[in-house]
Amino acid sequence: MAGGAGLTSAPPLDRGIPDFLERPGPSPVHRLNPLTKATLATVTAVAAVALGGLVGPVVLVLVAVILPAAAAGVLGRLIRTSLLLALPIAVSAFLVNLFFFPDGRTVLVEVGPITATAEGFGFALEILARILAISGAVTLFYLTTRPAALVIDLERRGVSPRVGFVANASVQTVPAMVERAAQITAAQRARGLDTEGSVWRRIRGIVPIVGPVILGSIAEVEERTMALEARGFTRPGRRTLLWTPSDTTFERILRWGLVAALVGLIAVRVTGVLR
Amino acid sequence: MSLQLTGVGYRYAGATAAALLDIDLLLGPGEVVGVAGASESGKTTLCLVAAGLAPRTVGGQIRGTILLDGEDVDAWPMHRLSARIGIGFQNPATQLSQVAGTVFEEVAFGPMNLGVPRNEVVSHTWAALETLRIENLAERDPFRLSGGQQQLVAMAGLLAMRPEHLVLDEPTAQLDPEGTRLVGDAIARLAAEGASILITEQKTDLLAAIAARVIVLDGGRIARAGTADDVLADPGLAELGVAPPAMHRLRRAAADAGVAPGTLGSLDG
Amino acid sequence: MVIRWLAALAAFAVVAFLGIGVFGDFSEAAAGNTWALIAAVGLAVGFITYAVVEYLQTRALRSISQQFDTRTIVLMPLAIAINIILGAAVANALKIPIYLDSIGTILVGALAGPIPGALTGFLANILWQYVVPPPFQGSVAAPFAIVAAVIGLMAGLFSRYGWLRPRPDRRTDQLVGGAVVTVGVIAVVAYLGFLGYQEIIGPAGIGVESDNIAFVILGWLALALVAGTIVGLLVILFVRRDLTAAYVVVGGLLTGIVAALISAPISANLFGGVTGAGTDFLVAAFRQAGADIGAATLGQGLISDPIDKITTFFVVYLILSAMARRTKARFPQGEKLIDGEDAVADDSGEWRGAPA
């Protein structure tokens, strides 16, 4: 661009890129390329569904979730988080299938009008294994990857910077919005808002909390738009990236290998060779 | 290195009345021009027009000419203008990009968008942080800063793009006293070091301290223009909805009370 | 323009015929599901064809890219956050069979257009599963991303044809038709919902349960919304005499039916019909009545989704009504959301707009 010295007065520095931007992760799993970890999580989840049954997903979880999690030193957190994540659906899946399995013949227990069957129990276990495999795979990714790193990596590979912006900003907006709601709730309570009591009173109490959060955020869209455009956001083409996650030929082969294995597995399942 | 508005008018989309009319304004290199006026007098609109956001981003229609170093910018897209003129707003929170985990990345966001080479992005970012004396915040999460600190980060984000002119729309309006002092000091330092700044303020004390010239807007037109001393000492200022700076109020009160002006000379600074 | 639409239609037809040819047998109970999947795939291929033809004709994708101005890009993260927070709260704390996880999707579709709407829904579900911190993370969101995308797409199309434009102060004879439609749809959907309620939830009662205070608050909000929608729509129709209430109901109904048709096979094949939310009660009821998994999830969807989407469209219409006219007009599709015409500013003389 034309123009000269700019407005900054400080002399040019030889300070380089700060090391806190690309601090390497604590374990080899953390240091894997984010796309590799995303591929692993997705392939594991889809494979668990494609395999079906009980043994397949369990082996898959051992190999593709528990082992890497142990290597990364996040096994404890992984188990806690993924169990917490899977709990509501697991309970649901278990009850629904245990008691309401239409083809169930072998009666285990009878509770009033509903009957628990052995067939329903087996099916419930299968669904459970599948759900645990999915939540475990995704939690492993979540615990070892910074979302921003994945977005930067995808941008380097040619994904539009605008999609990257939406993804990154979404991840930061969720907690920011919750915090905002909490602040407004506290303020409304201080003014005597009722979040307890009868149904009707509670419902009336909620509108002054959520209204301002949603409408206030939408009102800020205009200011944010101007601020972004004032910072060159609309410039077409690629932007400069400060740092990019490392990638290796080995990881590239690994990713394609995983995808190929998954495609193979699905093909085998669809054609009915493995059943 | 000058920004010149000649006969500039602007009206928002769907509005029949103009929000700005017949604005003539010259911002030379190293010059600080203050803009005062009541609320709704057109201060913010003038900032948007001068920085090119109106009509490019907000729509509406413009007339007159805006010259940057003598070149008509009428056909320039926003990203080309944003490399030459930086604009800062009142609300520090909405100026954050929302995608930066650290202050350093936040400040680097603008030059990254402009496609500046990586090593220059880094050096411009450090220089901007240094100029505003916030290098110590580089590693912090921008969401977790005070309003005043966030406003400094937003200004650093503009400086890192190396603009020739800075447009600041009431940069201290939404800050607490501590933040106002922090940001006011930083702007005064920038001005003293020779930055070219167009700044609107309701608090005329800051204008009196840093601006060489001041214009006062009323109903979208320029009602007063001249040196800061002349305009801010104008007895008609209050009628235009502008509170004169404390020192002028004091001096007038002293004159009314019969104290000789010379004895208060030291207050002029 | 015409060529692009014809190409898209042809592509859809090819996919449909291929699908019918390959999966020929439609005698089974799950035939409806297969139809829906073929239609969804056909729609996707049709859109891609449209885009490819446009690119071949113009070497650009303006019909898509012009829907993504900075304003839309700023709105999308907000919309995604609203989806995730409300959706997580409803799924966790509320034992009634709705989702309320598409308010943001439909809002973006309405303001910006079908493609941003679809992308918002898609990204919301992917992010929900992969990168959102607990307790908001969703364990089963990603497979339904395609459903969310179709919802955003439909909202964008409805809005493009002016369905969400306010139509206030209509004459009584004009309102009669709208009243019949609105009241009729609400009555049918409410009756179905009531049947579901009586069958399963009745004894337990409707309630909000969670350890998380945010979820409890939002759970009550969701209940309030569903209850308030019926009243709200009637107020809009009869007090403001706004005919758009009828469009909101029909739009919600159609979107709900399509969403149910696409999501049922996904839910049935992947998770045996359960997703851990209040909707599972309905699935259980259908299963008890002897339906197989596919039929049970479809039945659940056909009850839940129309109620959910009518509520959502109503909420979005409320948000749009609360937004300033000038703010709405600046979005890519904003002109379709305001009634009447702006005083056309004369371009004559020295006044000129932004550079192209």
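Letters A, B and C mark the chains as written, and numbering starts fresh at 1 in each.
By definition in this document, contacts are C-beta pairs under 8 Å (C-beta built on N, C-alpha and C of every residue); 3 or more make two chains touch, one makes a residue touch a chain.
Keep in mind it's a predicted model, so treat the numbers as computed, not measured.
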item	value
Pair of chains joined by more contacts [C-beta pairs], B-C or A-B	A-B
Longest centre-to-centre distance from chain C, chain (CA-based)	B
Whole-Å separation of chain centres (CA-atom averages), chain A against chain C	22
Centre-to-centre distance between chain B and chain A (centres being mean Cα positions), rounded to whole Å	41
Mean-CA-position distance for chain C and chain B (Å)	44
Where chain B touches two or more other chains at once, by residue number	56-58, 77, 98
Residue numbers of chain A (touch at least two other chains)	165, 169, 172-173, 176, 222, 224-225, 228-229, 233-234
Shared interface positions of chain C, touching two or more other chains	70, 77, 330
Interfacial residue positions of chain A with respect to chain C in the complex	38, 41, 45, 49, 81, 84-86, 88-93, 95-97, 99-102, 114, 123-124, 126-127, 130-131, 134-135, 138, 141-142, 147, 150, 162-163, 165-167, 169-178, 181-182, 185, 195, 199, 202-203, 206-207, 209-210, 214-215, 217-219, 221-222, 224-225, 228-229, 233-234
In the complex with chain B, residue positions of chain C that touch it	70, 77, 325-326, 329-330, 342-343, 345, 347, 349-355
In the complex, chain A residues that touch chain B	1-4, 6-10, 12-13, 15-18, 20-21, 146, 148, 164-165, 168-169, 172-173, 176, 220, 222-235, 237-242
Chain A partner contacts - residues on chain B that touch it in the complex	1, 48, 51, 53, 56-58, 69, 77-80, 82-84, 86-87, 89, 91, 94-95, 97-99, 101-102, 104-105, 108-118, 121-124, 126-128, 130-131, 138-139, 143, 154, 157-164, 166, 190, 193-196
Parts of chain B lying in touch with chain C, wherever the complex brings them together	9, 11-16, 55-64, 74-77, 98
